[in-house]
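First chain A sits with chain B, and in the next complex the same chain sits with chain C.
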Partner chain A sequence: MNVQLFALAIVDGVSYAALVFLVAVGLTLIFGVLRVLNVAHGSFYAIGAYTTASVGGAIFAAGFSPWLAFPLMIVAAVLVGTLIGGPIEKFLLSRIYHLEDVLQILVTFAVFLILEDFQRLVWGVQPLFEATALNQLGTVTVFGITYTAYQLIFLPVVAVLVLVGLRLGLRRTLTGRLITAVTEDREAAITIGIDAEKVYLITFIVGASLAALGGALASATTSVVPGMGADMIVLSFAVVATAGLGQIEGAAITALMIGLGRSFAVYVWPEMQVLVPYLIMFGVLLVRPQGLFGGIEARKI
Partner chain B sequence: MTSILSKRWLLVFIVALLIVAPIVAPSTQVLLTLALAKSLAVLGVIVLLQAGQVSFGHALFFAIAAYGAAFLGRSMGGGEILLNLVLGVVAASAVALIVGLFIVRYRHIFFGMLNLAASMIFYSFLEKFYYITGGSDGLSVPRPTVLGMALERAEFEWILFYGALLLVLGALALTHRFLTSPLGQMMRAIKTNEVRLEYLGVSSRRVLLAGYVLSAALCGLGGALMATAQGIVTPEYAWWIRSGEFVFIAILGGAGSVNGALVGALAYEFVKNYAAAFAADIWQLVLGTVLLVVILFAPNGIVGLSQRLGNGRSEKEEAGQ
Partner chain C sequence: MLTLKDVTVRLGGVRILRNVDLKIEKSSTVALIGANGAGKTTTLRTIMGLTEMTGQIEFDGAVLSKVAPSRRPGLGIGYAAEDRRLFSGFTVEENIKMPGQVAGYSDADLAAKMERVYEILPELKEMAKRPAGAVSGGQGKMVALGRALVIGSKLIMLDEPFQGLAPALAHKYADALRKLRNRDREVTLIITESNPDLLRKFAERTLVIERGEIREARSHITTG
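Take a look at the complex of A and B:
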C-alpha cells in the first residue's frame, strides 16, 4: 500500500464517518431521552436522501442556482424530521412507553417496514443521482491525490459543527437543559414542572432531522437506492453500541474508527468491507460490554 | 398464563385440516410444506420471546442449516434426508453455542441488534465468497434419498409434507415440555425479573444460552427442511427480512404459546401466497400495519383472539397478567 492509497483510504474513511456520525448521533440522542432504540431511524436517513435528490433535481432542471443545493439540504432535513418524525412520536411512540422493551422494539420495527414501502411508493425503485452540490464545490489536491472538496472538507466540517452545536445546545440553551434534565431523571424532571412529553417530541424531531441531514448530505455523493436505510440503521447501531448508548462525543470517535476501518478494508481486502464495522463492534463489546465510553448502570430490583 | 397448551381444540382442528389438505387440495401441498418449515423457525423465535428477548437475526441459523444441507447433498451426490436434517440441527446448534456465549450477555435492543449483526456477517459472507457459496445465485440442493430409497418427485413431496407435519408436532410438544420444565420456567423468569432470578443463585446467562441453542436448533431444523423442499438455497435465507418475517409471524400467531408458531406460519403463508399478488408493492406496508395493530390491540395474536372468542371471562385474566 503506497502513500497515495493510504491517504485516499483516510479521506474516504473520514468523509464516510461524517455521514455515519450524523445518523448515529441522532439515534443515540433519541435513546438517551426516550429510552427507545428507534429501528426506523435509518428510514429518516433514506427519506432525507430521496427528498433532497428529487427536489434538487426538479429545481435545478427549472434553472435555479445550483448553490440552492446547500440550503435545500437543511430545509429537507428539518421538514422530514418534523413532518414524518413528529407525528410518529406524537401519535405512536407516546402510546408505547409503558409497554415492555421487546414490544417497543417491534413497534419501531413495524414503522420501519411501513416507511420502506412508503419510499418505494413515492420514489419508485430506480436509483436517483443528484450531485450538483458535489460538483459545485470542485476538487482539491492534497498529498498527491485529487479529491472532491465536498467530501474532503465540507462533510467533516458539518459533522464537527453538529457535534459542537449539540454540545453547546444541550449545555447552554433552555431547551437543551430541559432535555438533559429529562435524560438524567425523568420523574424528578416532571416533579419540578418540566413538560416531559414536549421534551420527548422535540428530541425525537431533532434526532430524526439529524438522520435526514445525513441522508441529504449523502445524496450528493452516492445514488439513492431502496434499502439504503436498512444498511444505515445497522451501521449506525454498531457505532452507537460500540461508543456506549447515549454518548455523543463517543459516537463521533467511534464513527471515525468504523469509517476508517471500513475504508482501509476496501483497499486491502474488499470482501471484508461490510464485515469490518461489526468485527470492530464485537471486538469492543467483548472487552467492554457497556461500550467504549458508556458507564455501568446500576440495576434496580 | 396457566398452561401454554390450554386450548388444545385449536391445534387438533388445524392438524386435522393439515392431514386432509393435500388429499382434498393437492395444489396446496408445497405451500404447506414451506409453511411447516417456517413454523419451526418461528417456534425458535417464540422460545426467546418467552424470555422477553427478540432476535432480528435468527435467519442466520436457518441459513447455516440450509447451506449445510446443500453442501452435504452435493458432496454425497444426492444425500439422505435424515442426514440433511441432523446436520442442519447440529450445525445451527454448534454455531449458536459459540455466538450465544457472547450474545446472551446482552438484553433487549442489544440482543436483537447483535443477532442482526451476526446474521448480516453471514449474509455478506454468502454473497461475497461466491467461489464457495455460489454468491447471490445460491446453490442447488439435490433431491435426497429417504431412508436410502430414491423416490420420484411426487412421492418425495408427499413424504416430505407428512414428515414435516410430524416434525412440527414433535417440536411443538418438545418445546412445550421445555418451557414448562424448571429450566424453561427459569428462562421465562428472565422476562419477569432477571435480578431476582440471579438472587436465587441461578446464572441467567447459562439459562438463556440453553434457550438460545434450542431456538437455533429449531431454526436449523426448519432451514434444512426448507432447503430440501425448495431444492435451492440463496443468501436470502440469511437476510434480515427473513429474520423479521419470523418475528412478525411469532407476534401474529401469538408469542405466548407454542401453537402460535404453527397458526401464525399457516395464516401468514396463505395470505402471502394469495393476497400478496394484489398488494405486492405495499407488502411490507401491510406487514408493518398488521404488526402495529396486533401489538396495540391484540397482544396475544391469533391464538389469543381465538381463545378470547372461545372463552370470554377467564382469558381476560390471562391477558391482564
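Take a look at the complex of A and C:
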C-alpha cells in the first residue's frame, strides 16, 4: 500500500467516522438519559438525508443560492428531530419507560418499520442525489491526491464541533446540567423541581436531531436510498456498544476506529469491509464486555 | 397548612398508609417517629408525590396531590431524602444551588439563599468546591439539608437526618436545625426519626406511625 492510498484511506475513514459519530452520539445520549435503546434512531438519519436532498433539489432548481445548502442541513435536522422525534418521545416512548428493555426495543423497532414505510410513501424508492454542498466547497490536494474539502475538512470539523458543543452544553448550560442530574438520579431530580419528562423530551429531540444532521451531511456525499437508515443504525449500535453505552467521547474515538478500520479494509481486503466494524466490536466486547470506555457500573453521559 | 385527608398508599400490594388524616400547622416543628418499616419515608415521599396514593393532600391553600411532583418544590417545599441523593458529578455548592436555579431564582435571590445556608451550616463552606461524590456520608447529610434549605421556604422535610452521624456531627446538625428554627419562624419542619429521644428537644409535636396509622404521641415535651 503506497503513501497515497494510505492517505486516501485515512481521509475516507475520518470523514465516514464523522457521520457515524453524529448518529452514534445521538443514540448514546438518548440511551444514557432515557435508558432506551432506540432502534428507530437510524430512521432520523435517513429522513434527515431525504429531507435535505429533496428540499435542496427543489430550491436549487428554483435558482436559490447554492450556499443555502448548509443552513438547509441544520434546519432540516432540527425540524426532523423536533417534528418527528418529539412526538415519538412524548406520545409513545414516555409510556413505555417502565417496561422491560426487550419490550422497549420491540416498540422502537415497530416505530422504525413505520418510518421506513413513511419514507417510501413520501420519497418513493428512486435514489436521490443532491451534491450541491459538496461541490460548493471545492477540492483540496494533499499528498498528491485531490479530495473534496467537504469530506476532508468540513465533516470532521462539524463532528468535532458537535462533540465539544455537547460536552460544554452538558457542563455549562442549565439545561445540560439538568440533563446530567436526571441521568444520575431521576427521582432526586424531581424532588428538587426538575421536570424530568421535559428533560427526556429535550434529550430525545437533541439526539434525533444529531442523527438527522448526520443524514443531512451524508446526503451530499452519497445517494439517498431506501435502507440507508437500517445500515446506519446497525453501524452506530456497533459504535455505541464498543464504546460503552452512554459514552460521548468514547463514541467519537470508537467511530474513528471503526471508520478507519472499515476504510482500510476497502483497500486491503475489500471483502471484509462490511464485517470489520463488527469484528472490532466483538474483539472489544470479548475483552471488555462493558465497552472500551464503559465503567462496570456504567457512568452515563 | 399541610393537610392529609384519607390518604392511603399501597406498595407492592400492601397498604403502608391507611386512611391517614393529619393536619400540620404552619410554623410548627413535627417529629414523625416509628419503627423501621413503619412508613415514615413513605409518608414524606407521598407528600413529595413519589408514590401512588388515594385521598387528598392540601398545602398552603392548594390541592398538593393534584400538583405534578416536579412542581412541588417550587411551592416552597424542601426535602432531604433518607439516603441523601446528591448529584455526584457536581460540586457541593452546585448541588445546593440547583433547586434554586431550577426554580428560576434571580442571582441576587440565590446569593441571599446561599448566604443563609452557609450561616446555618458553616461547615458547608469549606467543602463547597468538592465534588459531591467525594464527601462522607455524614457530610452528605449536611449537603442534603443545605439543598432543602434553598428551596424550602415554607416546608422542610428531613428523613432521618441524624442517622449514621457521628456524635460531633449530629451535634452540629442539631445546632443547624436550632439556628434554622430561630432564624426562620415561618417555616414548617417535619423530621422523621426511628429514635424518638433524638428529637425530643426540638419537636413541638410528635407523631407516631404504626400499622399504617398516624396518631399523636401520648406524651410530648414542648420546648418551642
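In this text, the second predicted complex is superposed on the first by the 297 of 301 C-alpha atoms of A that agree within 3 Å, B and C clash if a C-alpha of one lies under 4 Å from a C-alpha of the other, contacts with A are read in each partner's own complex, and residues count from 1 in each chain.
Everything that follows uses one rule, which is that a contact is a pair of C-beta atoms (placed from the backbone, for glycine too) under 8 Å apart; a residue touches a chain by one contact, two chains touch by 3 or more.
What you see is a predicted model, and the numbers here were worked out from it, not measured in a lab.
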{"item": "Partner chain in contact with A:L275 - chain B first, chain C second, else both or neither", "value": "first"}
{"item": "Touched partner set for A:P289, first chain B, second chain C, both or neither", "value": "first"}
{"item": "Chain B versus chain C as contact partner of A:V33, first or second or both or neither", "value": "neither"}
{"item": "Partner chain in contact with A:V78 - chain B first, chain C second, else both or neither", "value": "neither"}
{"item": "Partner chain(s) touched by A:A24 [first = chain B, second = chain C, both, neither]", "value": "neither"}
{"item": "Between chain B and chain C, more extensive residue contact with chain A", "value": "B"}
{"item": "Where chain A meets both chain C and chain B, residue numbers", "value": "none"}
{"item": "Residue ranges of chain C touching chain A (in the complex, touch as defined)", "value": "48-50, 68-74, 79, 81, 85-90, 94, 98-99, 101-103, 147, 151"}
{"item": "Chain A-touching residues of chain B, taken from the complex the two chains share", "value": "49, 52-54, 56, 102, 105-110, 112-114, 116-118, 120-121, 124-125, 128-129, 191, 193, 195-196, 199, 240, 244, 247, 251, 281-285, 287-289, 291-292, 295-296, 299"}
{"item": "Chain B partner contacts - residues on chain A that touch it in the complex", "value": "37, 92, 95-96, 99-103, 105-107, 109-114, 116-118, 120-121, 230, 234, 237-238, 241, 271, 274-275, 278-279, 281-282, 285-286, 289, 299-301"}
{"item": "Chain A to chain C touching residues, read off their complex", "value": "174, 177-178, 180-181, 184-185, 187-197"}
